[in-house]
Amino acid sequence: QTVLTANIEPATTWVRNFNPFNQTSARQSTLDFIYEPLVVFNRFDSNKPVYRLAESFKLSDDLKSIEFKLRSDLKWSDGKPLTAADVKFTYDYLKKFPALDFVSIWTFVTDIKAVDGQTVRFTLANPSSLAAEQISQLPIVPEHVWKDVADPVTFANETPVGSGPLTEVPRFTGQTYDQCRNPHYWDNAHLKVDCMRFPQLADNNQILTATADGTLDWGVSFIPDIDNVYVSKDPAHFHYWYSPSSMVAFLFNLETANENNKKAFNDLKFRRAVSMALDRKTMIEVAGYGYPTLNEDPGLMGELYKSWADPSVKADFGKFATYDADAAKALLDEAGYKDKDGDGFRDNPDGSKISFSIIVPNSWTDWVDTVNIAVEGIQAVGLDAKIETPEEAVWTGNLINGTFDAAINSLPASASPYYPYKRAFSASDKGKTRFTAQRWFNPEVEKLVTEFTHTADLAKQKDAMNKAQRIVAENMPMIPVFNNPNWYQYNTKRFSGWSTKENPFVNPSISRTNPARLLNLLALEPVK
Amino acid sequence: MKTLLQNRKALVGLVIIAFIVLVAIAAPLLTQYDPAARTGRPHQPPSLDHILGTTRIGQDVFARLIYGARTSLAVGFGAGLLITLVGTALGIISGYRGGKTDEIISFFTNMVLVVPNLPLLLVLAAFIGQASPLVIALILGATSWAWGARVTRAETLSVKQKDFVKSAEMMGEPQWRIMTFEIFPNVISIVGINFIGSVIFAIITEATLEFLGLGDPRAISWGTMLYNAQKASALSVGAWWDILTPCFALAFLGIGMSLLNFAVDEIANPRLRTGNHLKRWSLLVRSGEGRL
Amino acid sequence: MAFLLRRLVFYMAAFIAAATINFFLPRLMPGDPVQIMFSSAGTELPPESLQALKLTFGFVDGPLWQQYLTYLGSIFTGDLGRSIKYFPLPVTSVLGNALIWTVGLMGTATIVSFAIGTFLGIVAAWRRGSTFDVIVSVGAIFATSVPAVVTSLIVLFIFGFTLGWFPNGYAADPSLDPAFSLQYIGSLAYHGILPMVTLCTVLIGGFTVTMRNNMINLLGEDYIVMARAKGLSDRHVMLWYAARNALLPTVSSLAIAIGTILGGSLVTEVVYNYPGLGNILYQAILARDYPVIQGQLLIMTATMLIANFIVDVSYVLLDPRLKGA
Amino acid sequence: MTQPLLSVRNLTIDYIGEEKDFRAVNDVSFDVAPGEVFGLAGESGCGKSTIAFAISRLHKPPALIRKESRILLDGRDVLGLNRQALSAFRWREVAMVFQSAMNSLNPVLRIETQFYDMLRTHKGMSRTEARERTAEMLTLVDIAPDRMRDYPHQFSGGMRQRIVIAICMALNPKLVVMDEPTTALDVVVQREILQRINELRRSFGFSVLFITHDLGLMVQFCDRIGIMLSGQLVEQNTAEAIYRTPKHDYTKKLWASFPSLRGGVLL
Amino acid sequence: MTDAILALDTVTKTFGHGFGAVHAARAISFSLHAGRALALVGESGSGKTTCARMAMREYLPTSGRILYKGRPVEAAKSAEIARYRRSVQMIFQDPFASLNPAHTIAHHLRRPLKLHRPEIKGAEIDAAIRELLRRVRLDPDLVAPKYPHELSGGQRQRINIARALAVKPEVIVADEPTSMLDVSVRLGVLNLLNEMKQEMNLGLLYITHDIATARYVAEDIAVMYAGQIVEWGSVAKVIDNPLHPYTRLLLSAVPDPEVRFDDPKARLRPDEVEDIRRRSAVPRDDIVEFEQDHFMRMI
């Protein structure tokens, strides 16, 4: 029996909860490993679909409906067949219990039909080229089990019946649990790992110990000074690869209640100057241990979506997203931001005072450090910036409600820049999520973003994206600084076949936001 | 004061505290570094440039240590004063007035005593959010007076029985005068012990709250030093200077305060004293000068 | 009896008061628990399902008094709701699991340090002024003055990291199943040693000092002199006359010490990642897990109250002077 | 005079201080004959209790009995006894009633137990034997034996004092030291107790070293009296002589400070 | 005899109620006259202090009246209470506990002057303090700046007396003022009290369990037992010719160097003692006047 040990989430104790719809406290190994997606899109390979439960899908030409065809030999882990009826059941179920619908799929689809035993057809609310991706995010659950669950929101699904590779849980304690091979898994031929073991690791110290002594094969943790603390312990086998992930950016609340600050924030030159005052490299080196990836793209593409980036945008506006304190000062001088009252800080051209705090959650130390470095830079160009460290919940609330001046924020990584653009610049989301915190909306951008989904033609999509990123870069609503790393450590002592920097065939992060982790697992083989 | 200086424990304790206070006051003279600024490479071991090394983001540990002493001392003494003030006032009032007043105050005192303090503080600090050292001092003052109130009350009860209080009452002295001029001077040693104990408690608790991440991470104090060091896994990455420095500082200050505490205890209760005379005694016995 | 009855009434009142504070505190907390719950889970939920979830979790703003009454009712039925962080575990089982560890760790540490501390205090007081006394007194000063955080970090640094003798986490080897086997119990002990040593170091000084002071105060009593004059052996006088009587006030200080012990064990558990109540509370606070926080404070208060009551009872049992009262 | 039971020679006791020593007893010598009641009188702080403690070797640091001191009981050198001998010597040879006998019973032990531990130590008695002896002794001091299972706080001050006396008598000691045994009691009770001691003394024949500052009482009770003044024994004589013909000025002054029941001051 | 300054009129004090009630004082009546001392004697717990405290208005009687110059003080208004407070002063038993260790002697004397003698101002206060100290035979220069612990017991008791005198009282209640003092200084304090009584025409309530000193300072005596006054009258008559068995018992137990214990005459019989105690404790309200100025409660 081959057992692969992985660290998937920090926890003080494991709670046996495999409810795939529960996004807060279900074990993170539930999706993908127990409930296999219909299709996995490989972001590291041009977002190509890798067919899992579905053997194909077909988007109608008008992009208004999509049909998935399931594999014919699918079985649930208890041996019962998995059919289109289960898919339909699942979606109907989500409609009945909206709290389970963690991607709001029912605002996206309007109807589902089981065409035959193997085929389901979704009717979409609006034409969308991204239908397959959207729909594949949700797990499919067995009707014969779930139809009897009285309250699926509080249901812990302790002995899951699933469709994925690892559905059996032979051992579960507060400190460790194993998830083992599904005897009825359709793709068992490719699966070389019999079990995955998840030890409970509560904090950095424990994770470090488990990582450094080689207990872990696959890790998702932040490890300080990794070359020293980890790799050097066994350079032949211990590796890591930090590819870019979610984007971290500073932003100003363009609708802040502070009138003086608001004047400055709404001035593009001011935003550009602040952006140029940010020493991004130091942030990465010092606050981020060198792990993050520099992001100097005012169009927000960065390394993560580099295939979508329009080089001309970077050429035109890139300098505004690059550290250059002198240029920042010059720009501020030029725009009339001078110290009028002699307090050592620049004021608005009309003489009113500018003074703002950048909010950052108090327990996110690397961000706190990042903001500290930002504040140093901003103060160095003569602006009165401070750091404020509220509780995480308060920070989130402030971002949502717009009760702040400036902040550091992040946009999660996705398959294409469509998602961050959609989330950050949809006027309808204002006051609902923290991604619209800057409160910068542009009808043109929104139109282009919608256009993006209305075509399946890559060239057209690119075109829309090019236009959108130019507008964003020009206006600089967000000031990107870096992309967080995809945390990924791997140990080649017991397993080979990992996705690596040299052979980046798939996003290897084991975190649950990455369905492609399934592909990495299937690629692994025990070392003889 | 004289008795205090004659007591060796007190002397050592005072010297320690005076040393820390001096260092805190003279902080700007002792280091050229800004405790908040990055002044070096991250996690540099101690060297001539940075005598206690640097933190995770390159701040000078020594600068943080000596500036942090200010916070620790201020919170310790501020909260200690507050705790003592509230505790003493309530203790004397409830002990002296007796009756309904006593019942009500005692009820609250006992209530506060049976609610576990640190967990409560933790929750309070979390609810207040980003508790600055000042806020920590305030909530400490608000929640930790009960022990002092209880012992002061007990002591007041016994002082109250003394004839000089009776005599003042018969003399027609107003109550507030009896409490402040007749009773207070006679419970002063309890108040002293309470004060020093509260200071120790406040210093430790502030550090603990901050260590647990419930303080303001920007504050420069020993607690946040611990917190940041722990967050940066200083132990695991071998940056011992980052974490051991505030540890030892806290222990040092704690020992100083404790010594003082014990000394005051001994002064208040002469039976506890083990002075020089016992040494002289054993010397005499050993030299055959006498016996028991 | 009347005395105990009065105490009992007080404890009931105190409990209800604590429960009330407990109810109102989280409601004053800034930040939306559902929000933090999801942001800490690393997921960004669409606003629509967020609303639906809020409803399911019962985060609706009914009239406060109504919520309060329901809450009081639920306390007495022992239903403390479900944890958010460890959803869908009921709070009682989250705390129940942790309680075992805390009681194990804290209980043992308390007993051990009480026994050792008391013993040291007795002997130090008996041999007042001797080298032993000096060493014990100074040691006690050191032990009491160093914060639990510092002690645990230093102990962890030395024995966990530098020397690597002991594990720096867990309550037992995760690969073992809980069982009454020698191996499992051995593993428990092995993992418990560092937190235990830390806790003991933190606690022992206090017990020593209390006992020593009580003893010294007692040694001046006439009945001790009389016992010596009766020709009783030193040991008999020390244990049956001095120590036995000095233990009474020490026992009452134990009740108050429970608060300190809870605090100390909280820190220790956090530093050593021991899965006890303290750690759970800490995590719950970070995750804004209201139900757990509330349940936790309630349990801790109840523990304190029960401890106090036990002390009251034992006081009455131990001191014949109180029996008639 | 026959050979004295207790012979105190050049007793000098210091309390060692931080810098200076305090001489509490200064070169005191006196004898107590078998069966005799010897009284020590003097003002508070003159060193009476210090002498009493020295006889049973009960002092603790910082008290220091200077090397020239001798205490002989029945010819045996008390100051030379080793720990075991001392343990056996205490109570069996010299028993003691303390200044505040009210507090000299352990409040948390039953009366019975406080008899028993002593009887077991000295006589190796079993519980039942000890109980018998306890009953016997309690009867002797007019306390119902069935109260031996009570705790000290259940008795009045006078009764407690009598219990202590009963404990004293239990081993038939040769000498009973009584350090102001009745100061805290009122006259009637005081009289009852002393009377009882007097009777017991007659029947058992032990000697008594009696300490008080009530000279009148002392003359009533003692055979011989020593007057102490700040650590020194300034006069010793028969009770009669001390009363009728005091020699030392201090003794006279003491007498002068007692108002008489019959009006005016004595003398 | 002059009119009484202060009189207790069938005063009763009960502590607690129901089963555990303590009847500390039962139908107590006595009066204090200017220039005369009344000694209250009795064994410990007989209720002497309780009577004193009622006289001081520290306790309010359960029943009965306290008359000040013929008028009941229970219902008195606060101004009158203040006047009453001033005219009745107390000297405590324990000279060590009755002075606040935190204040100087001068302070102890200054407070009553400031509170009750507003006519004395500024520098006059110091003069008054010196005068008071001289009155009680203490050297003002030496004593005034000292703290209580620097004085001997006898000196302290003198300070107490001085303090009581400071407000120019009419009555002084002294609760065992010498029982904590060394024999050698006792008499000095008693003499002082005697002198003050005569010089300032004070009424003195002298509480003691030492009958001999009662005779020394008092003109009248009341013997208390179990909360009742069992016998009272002029000191000489009561002591020389005791009637009540309890008084006799008390007198016979007083140490008397003339009578040795071995003397069978002196012997108290325990059973008799018990019997007297038992009988004397029974509450009775029939009183006989045996001779002029000599009363006894029937038994």
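Some observations on this one:
Labels for the chains are A, B, C, D and E, by order of writing; each one numbers its residues from 1.
Keep this in mind: contacts are C-beta pairs under 8 Å (C-beta built on N, C-alpha and C of every residue); 3 or more make two chains touch, one makes a residue touch a chain.
Computed from a predicted structure; not experimentally measured.
Path length between subunit A and subunit D in the chain contact graph, taken as the least number of steps between touching chains: 2. Between subunit B and subunit D, the least number of touching-chain steps is 1. For the interfaces A-B and D-E, the C-beta contact count is higher for D-E. A straight line joining the Cα centres of subunit C and subunit D is 51 Å long. One finds 55 Å separating the Cα centroids of subunit C and subunit E. Chain centres here are Cα averages; for subunit A and subunit C they lie 41 Å apart.
Subunit B and subunit C have Cα centroids lying 22 Å from one another. The set of subunit E residues that touch two or more partner chains is empty.
Listed for subunit D are residues 60-61, each touching two or more other chains.
In subunit B, the residues that reach two or more other chains under the touch definition are 126, 129, 213, 235-236, 278, 282.
Annotation, chain-chain contacts: A-B, A-C, B-C, B-D, B-E, C-D, D-E (touch as defined at the top).
Residues 128-129, 219, 221-223, 225-233, 236, 240-241, 244-245, 248, 318-321, 324 of subunit C are the ones that touch subunit D when the two sit in their complex. On subunit D, the positions that touch subunit E within their shared complex are 43-44, 142, 185-192, 194-195, 198, 213-217, 219-221, 239, 243, 253-254, 256-261, 263, 265-266. The touching residues of subunit D, counted against subunit B in their complex, run 14, 16-19, 57, 59-67, 69, 79. Note for the complex: subunit E touches subunit B at residues 56, 58, 82, 85-86, 89-90, 92-94, 97-103, 111-112, 115-116, 160, 163, 167. Those residues of subunit D that touch subunit C in the shared complex are 53, 56, 58, 60-61, 86-92, 95-96, 98-101, 103-110, 117-118, 121-122, 151, 153-154, 164, 167.
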